[in-house]
Amino acid sequence: MKKPTTKRRKEFHEHRSRMNEKILSCGFKDYQKFFALDNKAYLEGTLPAKMKELMGLVASMVLRCNDCIFYHVDRGIEEGATRGELYEAMNIALIVGGSIVIPHLRYAFECIEELMPDNT
Amino acid sequence: MKKPTTKRRKEFHEHRSRMNEKILSCGFKDYQKFFALDNKAYLEGTLPAKMKELMGLVASMVLRCNDCIFYHVDRGIEEGATRGELYEAMNIALIVGGSIVIPHLRYAFECIEELMPDNT
Amino acid sequence: MKKPTTKRRKEFHEHRSRMNEKILSCGFKDYQKFFALDNKAYLEGTLPAKMKELMGLVASMVLRCNDCIFYHVDRGIEEGATRGELYEAMNIALIVGGSIVIPHLRYAFECIEELMPDNT
Amino acid sequence: MKKPTTKRRKEFHEHRSRMNEKILSCGFKDYQKFFALDNKAYLEGTLPAKMKELMGLVASMVLRCNDCIFYHVDRGIEEGATRGELYEAMNIALIVGGSIVIPHLRYAFECIEELMPDNT
Amino acid sequence: MKKPTTKRRKEFHEHRSRMNEKILSCGFKDYQKFFALDNKAYLEGTLPAKMKELMGLVASMVLRCNDCIFYHVDRGIEEGATRGELYEAMNIALIVGGSIVIPHLRYAFECIEELMPDNT
Amino acid sequence: MKKPTTKRRKEFHEHRSRMNEKILSCGFKDYQKFFALDNKAYLEGTLPAKMKELMGLVASMVLRCNDCIFYHVDRGIEEGATRGELYEAMNIALIVGGSIVIPHLRYAFECIEELMPDNT
């Protein structure tokens, strides 16, 4: 699954990395522990990493966090999620969360468009 | 995957069925359409039904709805979800949603205990 | 619009009154000011009181608060809301808020059933 | 109720239309069904369309979604909502949802200012 | 600050302990790590433990979780919070979170009444 | 506690003041009453103003409102909150609210960086 490094993707990751770096080096150690738990939650386990990323995406959509949506769409695609799988997962989020999720569904489509430009 | 019909499970389903019946027969047709879309979202598709139920469970936990948690734990187990898979999905919900999810994690454990009494 | 005083309705109002009394007499004056603003928001104004109660109901359903749902269904009916009007308002809440609202839609139907027993 | 086509309004509608088009033509049919239900919820019925838009506005404000706020302020004004009616509906949202709604009240005022520039 | 062990308090703690025990002994280690971080967040630090419990109370009220409210009212009182301090913290929650918080304010008053029966 | 007037801070306050002015002068008096209650909730009382601002910050973070976060970080620093105190309060918000709070933690760090540039 080859992915182009788009401008938005690059900017997103740079800002995210720069600020995470500040959080993790501020001297308050429990932030590091929470971030470690957060990373670990999505690692391949009994459930495949791809499914975990899609679960993270559903949670991010019903809680309506665009940064989190970008992150999990990106990671899901890295783990091999197809458009069809993304659509089904996002549909669960739409049904559970309702029309208030629609602006975030639009955003998720923008992310997919950018991260899977060749319509694969 | 044989499951005992516990008292809570029976009461939950009876109340749910009785009230859904009232909603679906009240004469306002769009409730029926929404309920149909809701049911359809979890059917086996590109994603397996089990994974969809776990996604519904994660969404229900971060949005903190016990009725929805019971429903998706029950359905997930029917679709073959193991304790290990439930734990990993619920951990994603806990990490995404934070300690405010803990009372619902306790509730989910009660549900699992009841629906999988033999510790399988 | 004659309404029977059901058991649930009576218990709800007694508990609500007893605890509100404690809050309003605890010596912290700003609670009183907030409660006064809250009451005033639903008074007949440029918008009819009935419509305001239905707006309060929609807000209560998407925020998923059963106590608030009972209160606004009760008050809406007092202001003359019909079943048809309640169904349309609750449908907006269901569409905006998604399937996570369904347990509260079931609850709202229980309230209507109790407060409008004669199916008027 | 004549309305100027402001830049923000035009951009909002163009982006919204472009992305909705992508969602509705992606091949996943249940998105279409949900969008149809969503549109239908606000049509003139037993409740007037104007009141339904104001209910959608209240729901959007307590759930704090600016895109949805813009949409319902715009549609509410199209259906004839006056400033006084908007203020009363938004006040219900403010009281139900609390000070966390204030940034969205500021946004709603920007929308009204833009969509009703002549202070009618 | 002597406190009676009331029935509700006892039942709350017993249920909470029993279920937490199940969660922490289920074999999924990251639950333990999250629970440890959760406990640590409220320990006396640069901020006094009492203030941290009041912060936890405010968060619990705006997120509307009764179990969490009981817990932080109980712990806040153990750390020496007075009625006046509780009222001011709960007022912040009421103002930030709005009238949807009121049922939880009533619940918090029930907790205080039970945990501080002598009106101290 | 001397603070530079940064560009973001200036713009934030100008926009906020301009729109609040419109809200407070629109002729709908109850907005004024709510805003007055809101301001009063954070005044020095039984609880110190600094602690109240930190409570407002925790509430703003778990409810995920960046405008509110900026406001309470700014006011908290004005009332003498140190980095260590901010970190502990923000950690409570992170633990209660979960990883969905992380983008807002990054934002809060940007605010602190801007409002306390000298690392005091």
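As written, the chain order gives the labels A, B, C, D, E and F, with residue 1 at the start of each chain.
Here is the rule we go by: a contact is a pair of C-beta atoms (placed from the backbone, for glycine too) under 8 Å apart; a residue touches a chain by one contact, two chains touch by 3 or more.
Owing to the predicted nature of the structure, the values given are computational and were not obtained by experimental measurement.
A.B. asks: Touching both chain C and chain F, which chains are there?
C.D. replies: A, B, D, E
A.B. asks: On a CA-centroid basis, which chain has its centre farthest from chain D's?
C.D. replies: Most remote chain from chain D, centroid-wise, comes out as E.
A.B. asks: Between A-E and A-F, which chain pair is linked by the larger number of C-beta contacts?
C.D. replies: A-F
A.B. asks: Could you give the separation in Å between the centres of chain B and chain E, each centre being the mean of its C-alpha atoms?
C.D. replies: A distance of 28 Å separates the two centres.
A.B. asks: Can you give the whole-Å distance between the Cα centres of chain B and chain F?
C.D. replies: Computed from C-alpha means, the inter-chain centre distance equals 38 Å.
A.B. asks: Please work out the Cα centroid separation of chain A and chain B, and write it as a whole number of Å.
C.D. replies: A distance of 23 Å separates the two centres.
A.B. asks: Can you list the residues of chain D that touch 2 or more other chains?
C.D. replies: Expected reply: 30, 34, 37-38, 41, 59-60, 62-63, 68, 84, 87-88, 91, 94-97, 99-100.
A.B. asks: Report the topology of the inter-chain touch graph, choosing from line, ring, star, complete and other.
C.D. replies: Looks like everything touches everything, fully connected.
A.B. asks: State the interface residues of chain A toward chain F in the complex, per the touch definition above.
C.D. replies: So the residues of chain A in touch with chain F come to 15-16, 19-20, 22-23, 26-28, 30-31, 34-35, 38, 59-60, 63, 65, 67-68.
A.B. asks: If we count contacts the way the header does, which residues on chain A are in touch with chain B in the complex?
C.D. replies: It is residues 37-38, 41-42, 45-47, 51-52, 54-56, 58-60, 62-63, 68, 82, 84-85, 87-89, 91-93, 95-97 of chain A that touch chain B.
A.B. asks: Under the touch definition given earlier, write down the residues of chain F that touch chain B in their complex.
C.D. replies: Touching chain B: residues 62, 94-101 of chain F.
A.B. asks: Give the list of chain A residues in touch with chain E in this complex.
C.D. replies: 30, 33-34, 37, 40-41
A.B. asks: Write out the stretch or stretches of chain A touching chain D in their complex.
C.D. replies: Its residues touching chain D are 64, 83-84, 87-88, 91, 94-95, 99-100, 102-103, 105-106, 109-110, 113.
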